[in-house]
Amino acid sequence: MTELEDAIARVRADVAQLHSELVRYGLIVWTGGNVSGRVPGADLFVIKPSGVSYDDLAPENMILCDLDGTVVPGSEGSDRSPSSDTAAHAYVYRHMPDVGGVVHTHSTYAVAWSARGEEIPCVITAMADEFGGPIPVGPFAIIGDDSIGRGIVETLRDHRSRGLLMQNHGPFTIGSSAKDAVKAAVMLEDVARTVHIARQAGPLIPIPQEAIDSLYNRYQNVYGQSTDDRR
Amino acid sequence: MTELEDAIARVRADVAQLHSELVRYGLIVWTGGNVSGRVPGADLFVIKPSGVSYDDLAPENMILCDLDGTVVPGSEGSDRSPSSDTAAHAYVYRHMPDVGGVVHTHSTYAVAWSARGEEIPCVITAMADEFGGPIPVGPFAIIGDDSIGRGIVETLRDHRSRGLLMQNHGPFTIGSSAKDAVKAAVMLEDVARTVHIARQAGPLIPIPQEAIDSLYNRYQNVYGQSTDDRR
Amino acid sequence: MTELEDAIARVRADVAQLHSELVRYGLIVWTGGNVSGRVPGADLFVIKPSGVSYDDLAPENMILCDLDGTVVPGSEGSDRSPSSDTAAHAYVYRHMPDVGGVVHTHSTYAVAWSARGEEIPCVITAMADEFGGPIPVGPFAIIGDDSIGRGIVETLRDHRSRGLLMQNHGPFTIGSSAKDAVKAAVMLEDVARTVHIARQAGPLIPIPQEAIDSLYNRYQNVYGQSTDDRR
Amino acid sequence: MTELEDAIARVRADVAQLHSELVRYGLIVWTGGNVSGRVPGADLFVIKPSGVSYDDLAPENMILCDLDGTVVPGSEGSDRSPSSDTAAHAYVYRHMPDVGGVVHTHSTYAVAWSARGEEIPCVITAMADEFGGPIPVGPFAIIGDDSIGRGIVETLRDHRSRGLLMQNHGPFTIGSSAKDAVKAAVMLEDVARTVHIARQAGPLIPIPQEAIDSLYNRYQNVYGQSTDDRR
C-alpha cells in the first residue's frame, strides 16, 4: 500500500466509525447527518454515501471525493452517490486549508436556535472553553449551489467558534480532524440544549469577556493528552 | 412457495422488524403503536396483533387481513386479534391505492400538537425536504367506525405531507412501503419536537414558499440511493 | 413444591423482572422505585429490598411480607430490609382486595405535576382508554405511619384511574397484577409528559365526557389478547 | 500487596467503574466529567486522566495524587495528565476530612440552574430525603487557582446538601465514598430536571420545614442496607 492509500484507508475507517458517535449522542435520526474527513497530504476528502442506514456504514462504502466534490472515478464505493451535502463540505475544504473534518447534523436544540436565527450566548464556562464565545448564525441558503458552503466559510473564517447555525437549517461544525469536528458537533448540541433550558426559567448571568478569553486560551493550550481530546 | 406466499412472507418479516424502529426512536411505550404493510399485487395487508409485547413480535405472529380489515381465515397468526387500529389501516389501503404502508404511534411531541389541534408550521429545511410544507391536523374521531380512516384519507389525499395529526389522538403516517411510512413517523416526531422547542423561545423565521417548493421537489427526485432512503 | 410455594415463586420472579421495565422506560434513577405483587390466594405480597441496585435484583432477594407489611420470618431474603415504602403497599393490599400489584416511582413528569398538586386533565384519547379520565392528586403525607397508604386508598377507591399523584411526592399505581400496575406507571408518566408539553404551547382541546366514557368502556372490555395487555 | 497498595487498587477500580454510571444516567457528554475517590487511611486520592474516552477508562490508567493534587511520581498511569479539575478535588479533600469522594459533571439541568445562579428549592420529598433542603449556589470562579475548591468548601461546609451549583459552571457533589458522591450527582440532576419542569407550568407547593427535617433525619438514619444505598 502506498502512503496515500494508507492515509485514505485510515480516513475511511475514521469517517465510517465516527457516524456511530452521532447516533450515540442522539444527534441524528434515520440517515440525516454526515461526517467527512480530509485525507492528509492530498486534495481529497472522504464522506458518507447518501441515504444509507447507519447500521450499514463501513469503511469500504465511504466515498472518496476531490475538493470540487466530484467522486474519484474507480475508487472504492464510487458506484454510490455521496451525501447530498457534499458540495458544502467540499467548499469548506477548498477555502479553509486548516480544516481536517466537517460535520453536519439536524440535532434538535441546535436546529431550534437555527429556526429563530438566533446566536447562542456564551453563559457557561464549558462553552467558553470549547467555543470561545457565542455560536454564530449563518445565512439562509438552500442546496443546489455554493451558497451553503460560502455561508459556512464567511461566518466561521474570523470566528473562534468551530460551529455555526445555518438559519432554518441546522448546525455545521469544523475541526482539525473528523473526530475533532464530531466533538464540536456533540458539544454544540449540548450547549444549545443547556442554554435553551437555562433561559426558559429566567435571565442568565453573563460571563465577563476577560473570563471567556482566559478560559478559551487555557483550554486550547493546556489541557488534555492531545489536541483532539481535552478536559 | 407461490409468488403470493413469497410476497406475504416478505411483508410479514418487514412489518415485524419495523416495530423495533419505533422502539429505537422512542416513538412508543408499552404496546402502543402499530405498523402495517400492503402485500404487493394482492388486496391484502399485514398488521401486528393487539396487545403483544414488542419483544415477542415475529413474522409468524403478524396478522394477514383483507382490505376490509377482516383476518384471513386459516392464515398464520389468525388465532389472535389484530391491532385495535386495523379498521383505520384498512380504510386507508382501500381508498389510497398508492399507499404501501401505514404507521400509527402516540409519539410525545406529535400527540402534544394533536391535543391543541394545531398544525406544525414548516420552518426547517429538513421538514420542507420530507413533508413539503406543514403537517396538517385531522378531525376528532373515536374508534368504532370508519371515522378515523376517513379523517386520514380526506386530510392527506390532496396534501404533500405523508403524515397528519388526528386531533386529541396522535399521528398517522403513510408511505410507498411500510419502511417509508416508518421513516415518515420518525421524521414527523423529529419535526414536532424541534419546532415545539424552537417556538418556546421566541418567534420563528418562516421559509418562503418558493424555497419550500424547491427543497421538496429536489429531495423527492434527486437524492438517495433509492426511493426509500434519501439524504 | 406446594401450590402456595409455587405461587410465591412466580410472584418473586415477576416482581424481580418487572423492575427492569421501570429502568427501560426511564421511570427511576438509582434505587428509587419499587414494585410489589400480591400472592394469589394468600394474605401475602412480595416487594423489593431497600437500597439494592437494580442490577442485583433477583427472585431470591425479593422479600415476602404479610398484609401488615411485616417480613415473613425465615422466608428467603428475610435477612434484608424491605423497601421503605412497604407500609404504603401493605395498606393498599389490606384495603383494596382486588388490587394484585402496586408500583411507586419518582418519574420526572409525574413528580412535576405532584409538586404543583395539580391533577392531569384528560385531553388525549390514549389517556381516556387507559385511565378513563384525569389522574387525581392525593394528600401531602410523609413516611412513618399509614398516611400515605390511606391517601392512596381514599383517592383511588371510587375513581376509574389506576394511578394518582401524591402531593410533593410522586405517583403510585395499582393494577390487577404487578405487571398491570407497572403498565399503569409507564402510561401515567407518558401522559404526564405529553400533557405537560402540550400545554406549554397553548390551550388544550377538551374531550367530551361521553367520548371519554365510550373510549374507556371499549378499551377495558374489548381490546387485547388478555386483560393485562390491551391495544 | 501491602494494605495500602490494596486500598489504592480498590479505589482505582471503583473510580474507573463509576464513570460508567455518569454515562448510564446521561450526566456527561464526550469526556466532560470526573469522579475521584480518597484512599482510606492515606493522604492520597485517585482521579481520572484528562481527555481520555470513557470507553478506555480502566483501573490502571487512573491517576494517583497527593492532597496537593500532585501526581505521585512513578505510580501507575503517572505518565498522563490528571483531570483539569484535579486542583478543585484536592482542595476539597484537604479541607473536608470526612469526604471520601468528589464528582463534577456538566449535567444539563444542573448547569441550567447554574447559568442563572439560582438555588434549587426543596419542593419534592425525595429531595428532602437526599439533600435535606435546597441545593445551594457557589461563586463564579475560574480554573487556575484555588477559587473553585474554596467555593465548594465554603458553600458546603455548614450545609446539609452534598451538592452545589458553581455559578455559570455546573454541579460538584461530595460523599462518604466515590460511589456516594456519584449517587449525589445522579440525584442532583434528577431534582434539577424535575423542579425545572414542575415550575414551568405554575407555582410550586412548598414543603413545611419540619416535614423536610423529619424526612431528612429518617432517611439518613434508618433506610437502606448500608450507608451508601438507601431507599
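Should a chain be cited, it is by its letter among A, B, C and D, assigned in written order, with residues numbered from 1 in that chain.
Heads up, the rule we're going with is that contacts are C-beta pairs under 8 Å (C-beta built on N, C-alpha and C of every residue); 3 or more make two chains touch, one makes a residue touch a chain.
Worth saying up front: this structure is predicted, and the values here are computed from it rather than measured.
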| item | value |
| --- | --- |
| Partner chains that chain A and chain D have in common | none |
| Interface residue identity across copies chain B, chain C - same or different by half | different |
| Chain A and chain C, separation of their C-alpha mean positions in angstrom | 45 |
| Interchain centroid distance [CA atoms averaged], chain C/chain D, Å | 32 |
| Contacts with 2+ other chains: residues of chain D | 200 |
| Sites on chain D touched by chain A in the complex | 29-32, 49-53, 80-81, 83-84, 106, 108-109, 111-118, 140, 142-144, 167-170, 196, 199-200 |
| Touch list for chain B against partner chain A, complex | 25, 123-126, 183, 186-187, 190, 193-195, 197-198, 200-205, 207, 211, 214-215, 218, 222-226, 229-231 |
